[in-house]
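Below is one structure, written out as structure tokens; comments come after it.
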Amino acid sequence: MIIVMKKNASAEQIEAVVEKLQEKGFKAHLSEGVERTIIGAIGERTQAIMDYFTRQPGVEKVVPILQPFKLTSREFQPEPTCIKVGDAVIGDGSLTIIAGPCAVEGREAFLEVAQAVKEAGATMLRGGAFKPRTSPYSFQGLEREGLEILAEARELTGLPVVTEVMDPRMIDIVAQYVDILQVGARNMQNFFLLRELGKVDKPVLLKRGLSSTIEEWIMAAEYIISSGNSQVIMCERGIRTFEKYTRNTLDLSAVPLIKQLTHLPVIVDPSHGTGKWELVEPMAAAAVGAGCDGIMVEVHQNPSEALSDGPQSLTPDNFASMVKKVKMLHQAMQKIS
Amino acid sequence: MIIVMKKNASAEQIEAVVEKLQEKGFKAHLSEGVERTIIGAIGERTQAIMDYFTRQPGVEKVVPILQPFKLTSREFQPEPTCIKVGDAVIGDGSLTIIAGPCAVEGREAFLEVAQAVKEAGATMLRGGAFKPRTSPYSFQGLEREGLEILAEARELTGLPVVTEVMDPRMIDIVAQYVDILQVGARNMQNFFLLRELGKVDKPVLLKRGLSSTIEEWIMAAEYIISSGNSQVIMCERGIRTFEKYTRNTLDLSAVPLIKQLTHLPVIVDPSHGTGKWELVEPMAAAAVGAGCDGIMVEVHQNPSEALSDGPQSLTPDNFASMVKKVKMLHQAMQKIS
Amino acid sequence: MIIVMKKNASAEQIEAVVEKLQEKGFKAHLSEGVERTIIGAIGERTQAIMDYFTRQPGVEKVVPILQPFKLTSREFQPEPTCIKVGDAVIGDGSLTIIAGPCAVEGREAFLEVAQAVKEAGATMLRGGAFKPRTSPYSFQGLEREGLEILAEARELTGLPVVTEVMDPRMIDIVAQYVDILQVGARNMQNFFLLRELGKVDKPVLLKRGLSSTIEEWIMAAEYIISSGNSQVIMCERGIRTFEKYTRNTLDLSAVPLIKQLTHLPVIVDPSHGTGKWELVEPMAAAAVGAGCDGIMVEVHQNPSEALSDGPQSLTPDNFASMVKKVKMLHQAMQKIS
Amino acid sequence: MIIVMKKNASAEQIEAVVEKLQEKGFKAHLSEGVERTIIGAIGERTQAIMDYFTRQPGVEKVVPILQPFKLTSREFQPEPTCIKVGDAVIGDGSLTIIAGPCAVEGREAFLEVAQAVKEAGATMLRGGAFKPRTSPYSFQGLEREGLEILAEARELTGLPVVTEVMDPRMIDIVAQYVDILQVGARNMQNFFLLRELGKVDKPVLLKRGLSSTIEEWIMAAEYIISSGNSQVIMCERGIRTFEKYTRNTLDLSAVPLIKQLTHLPVIVDPSHGTGKWELVEPMAAAAVGAGCDGIMVEVHQNPSEALSDGPQSLTPDNFASMVKKVKMLHQAMQKIS
């Protein structure tokens, strides 16, 4: 349930409610807004309990949350979560554009593509140092060396950097080098990893699992937030269906749904979502039409020689063309609403 | 294979090639463009056959078509197919907006909603007279009476009308009343129905099957076109996946794919594609971003009392708001490309 | 709702109840068992209506049916439906084995394979005269000629014959030639076809649609039965999923589910269900373990030259081996229960 | 590629081939059979390389492996892998029966159900100490205490114990307490976990991911084996589809496919595979018909009060009935083959 405090509720009143919640076996999560404070209370809710808290001094009303997700829900926090990363903000109505190759394959190539995407309008860099690959015999990433290259690219371009972390034991080292920690689709329900990321003071980009429902995806965010880290960015990247022309089926309805059900920002990855570079630009534009907060795409100087995901990577030129289009569409969207 | 004739090829030369194709067991389909004529030849292609036709007078080149679809393919007809319906054209870069209730439920209600959607910007009307329902005990449509109401609404509004035809035996009567014949998702591979629609002189709106691949859907269009009717409009309406928040998963990547693989116009139905009216506007906008030729949505004066598909129907007011948004986005799209 | 009459209820009492049902807007379906008569009543059920009929003379009790399917449900008819076809019975605990090529490709070949499968233990013949094919350029069946060959094979072998009917206009002619009319997966929700088959006095083999839920499949049977034909055999043939090694995913849980939810017999088609002949024998055995009433498999003398479905067809030798195995397993199953 | 040594090849010849493989950048995996030694060589294979090794002393032939999986493939090891756990063997033609509650909920309850399933014929125990749950607010397992209870149950019953390990950091402690380490469906592509399990000297039970293809699943086994642990047991537990009556769709075709493509034993979990206890017995029987090496089912004294997976748990009585049935079917299967 959510306890909405009155506008003029005092700090003592709020504290008293929190203490009483704890006495009754609830976990309390404070959300202090500009106007008023809201207290999320996780525990076994009964009518008697709700009545009891309604009567406490400073309480305006008590609202049950019927959905399985609590701290992520719009009911708990009506205003959208905005996440600051360096100079950029995700979720404030602007359009974040994250670009870079699937994997960091080498120092010079990465610095070059980082410069190229920056010039074309990217606001953040991406690149995998640790790569989850179906085959143990495929390139698994440059690991530590890759992290160092990412940090160098950040210095060079001034852009924040996103990279995937696959193992709880590597969170500390990855967090030293990059700005946003990514949870990959295959790890969306790696609950130990999620809980550890709840203890980190950096934003987490949470990719939707290949066959995860919207609800399971939000519950994964709930794991991170309930462990202490409220900076979660949702990323739709396509789900597995029977269709064979595309690598995955990009489920853009996830964008308005995440916006309606939660207060979290949501970005879209049309590269993994389609698996074909020819579809990346139209689907990026579609994602903007759906109301997303950002786009994440794979860019490679020479897609045909990429060590992974070549067929879905844009050249820097195609990326520049895409950026132009999505920015114009985003402007049109802002005029409308 | 496709036989591309020279720009100045004479009618006799074209005719001669067609005759020779028939002699060798091929079916020939003529496509007379502004600049030149292209002949689609369906049959068993060998290198010898291709060489033979390359040598015929008036022939510029012979191109094999490797994909299973032939007459629908971009290779066969590089320019997009434009379909005229009354004053409207689908596929010429304009944005078609088809609206109306799921089912025609009664005369007055339908005429009222028809007027309302016209005023809000609809360019065509939709409404089911024959309804495919999962249960034999559900409302199955007003049938003949429904067709008459549709025709009256067309008179009243001047807008063309689309309705579904479910049985080959009903094509004649339905074609008397409406402007576009719709094949529903459940009938996408009703091959007898498709073949019969190939003999009709009205456009066919072909909905994608619930679990049809893009290729199977294009092959269904190929059935209609190879039977003689080249006026086919493709309609993406969502596919069946594991996701439960939405009724179907709207696969917008189908839009650029259909545009790239075929010369046919493609529209999107976000009402069936999501099953939730709150998602219709953002997904309609997303569809425009993806480059579709039109939108088809369900509108009902009183969605909570609709005999079918209430939860996914817009009110006339919400429809008006959606039209405003998608038109502005469509204008922005046109400036870009 | 279902009205269970007392054991000694008179014909007059039963008739009176039926009349009163009709007065109140219900459709009544009589099911006269050995012990007592049950009346299925389809219409708008209220508590008042149920109380009213509970008070009628001869009525023992009135039971609501909560599931969307009524006449097919176990609640409506607790004993299993047994369907007689010639000397064979489907659904009485015996194991029906239906075999033959995907399509009837020619007279001699079909008669030969018919003899071969009979000798190996088949109890019915299958073969398509009308073939639903994804491409309009693929072999579409021998049509009328195919039906004549099927009839000749029946004469020769004494085995009943099953074939698919795809169009309501062809039901009469197909019914003249064969013993069981098959509805293919792509037509499972062709409701006009289903309704017409409800007027035929021959059993209908209803294949599950490629992406149909169990409930939709049972509702399709409900269309046939509520139109007057209660001889429906359910056939699980695999559903469409993301898996690529198999053509479809054979959902054997459908077997016990159909048995628990309905009174209809259920058979399994491991040929379409897997798309690979190497999997047909183990999956046929699995189907028997799941408790099915029969197996339908594709057999071809020369699978590599079949005009359709070669990769999933057994040779007559492999078929003979499969029959031996499934019969032994079926015997073991009967000892257990 | 696989290098098949001659029957009488000497140890020196084998060693020389291994050294030369390493010189040329290959990883060599020895498989010493009763008759002869086979060397799996993972690396970049060319015709020249294959010719070179064909000429080495003691080599009979060199065979390329075309599939992406190598060490798991039947081509690499034609005889089935048999895995000894205590007195039991999995994969030798016997039928392993693993039973127990979803989660270890308490000491007494677990010891009681352990005794009950042993008496009814279980050959191994299962029970979760760490539970992967969709919601952070659901019971997450007794953790360390659960492991101690599992160990006590093993002492009491003499049966080997299986439990899930979710995090690389917990492998050591879990391995101290149990006999088989289970990888859950959500972790099937947790590649760091798989690699660490490759270093453990205990068998690994690898569940198929919710939406994993057969090939991805085999590749996950390849991760474990290529990291050094060849004791892998595959477990089919249902895949995610559109069907709603069952929790998952149990894909029994996986059983013969794993047998044909790999040399690994495969067991089936009809509890998770169906989500309904009424379907567990028929689907267990179906799995035996499909040729599996074992069954893993959930048993709880009081399913309606289970902290997780109650609806799919058998009572000890129902479990006893299932064991009787599957054993009789397994005997019948052995007579046939």
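Note that the chains take the letters A, B, C and D in the order they are written out, and that residue 1 is the start of every chain.
The rule we apply is simple: a contact is a pair of C-beta atoms (placed from the backbone, for glycine too) under 8 Å apart; a residue touches a chain by one contact, two chains touch by 3 or more.
Which protein is which chain? UniProt says A, B, C, D = 3-deoxy-D-arabinoheptulosonate-7-phosphate synthase.
Small disclaimer: the values here were computed from a predicted structure and weren't measured.
*Asks:* Which chains sit in contact with both members of the pair chain A and chain B?
*Replies:* C, D
*Asks:* More contacting C-beta pairs: A-D or B-D?
*Replies:* A-D
*Asks:* With centres defined as the mean C-alpha position, give me the chain A-chain D separation in Å.
*Replies:* 34
*Asks:* List the centre-to-centre spacing of chain B and chain D in whole Å, with centres computed as mean CA coordinates.
*Replies:* It comes to 49 Å between the two C-alpha centres.
*Asks:* Return the residues of chain B touching two or more other chains; collapse runs of consecutive numbers into ranges.
*Replies:* Each of 211, 215, 240-242 in chain B touches at least two other chains.
*Asks:* Would you pull the chain A residues touching chain C in the complex into a rising list?
*Replies:* 211, 240-242
*Asks:* Contact residues on chain A for chain D in the complex?
*Replies:* Going by the criterion above, the answer is residues 42, 68, 70, 132-137, 140, 166-169, 186-187, 189-192, 195, 210-211, 215-216, 219, 222-223, 226-227, 240.
*Asks:* In their complex, what parts of chain D are in touch with chain C?
*Replies:* These residues of chain D touch chain C: 211, 213-215, 239, 241-246, 249-253, 255-257, 260, 273-274, 278-279, 282-283, 285-291, 324-325, 328-329, 331-333, 335-336.
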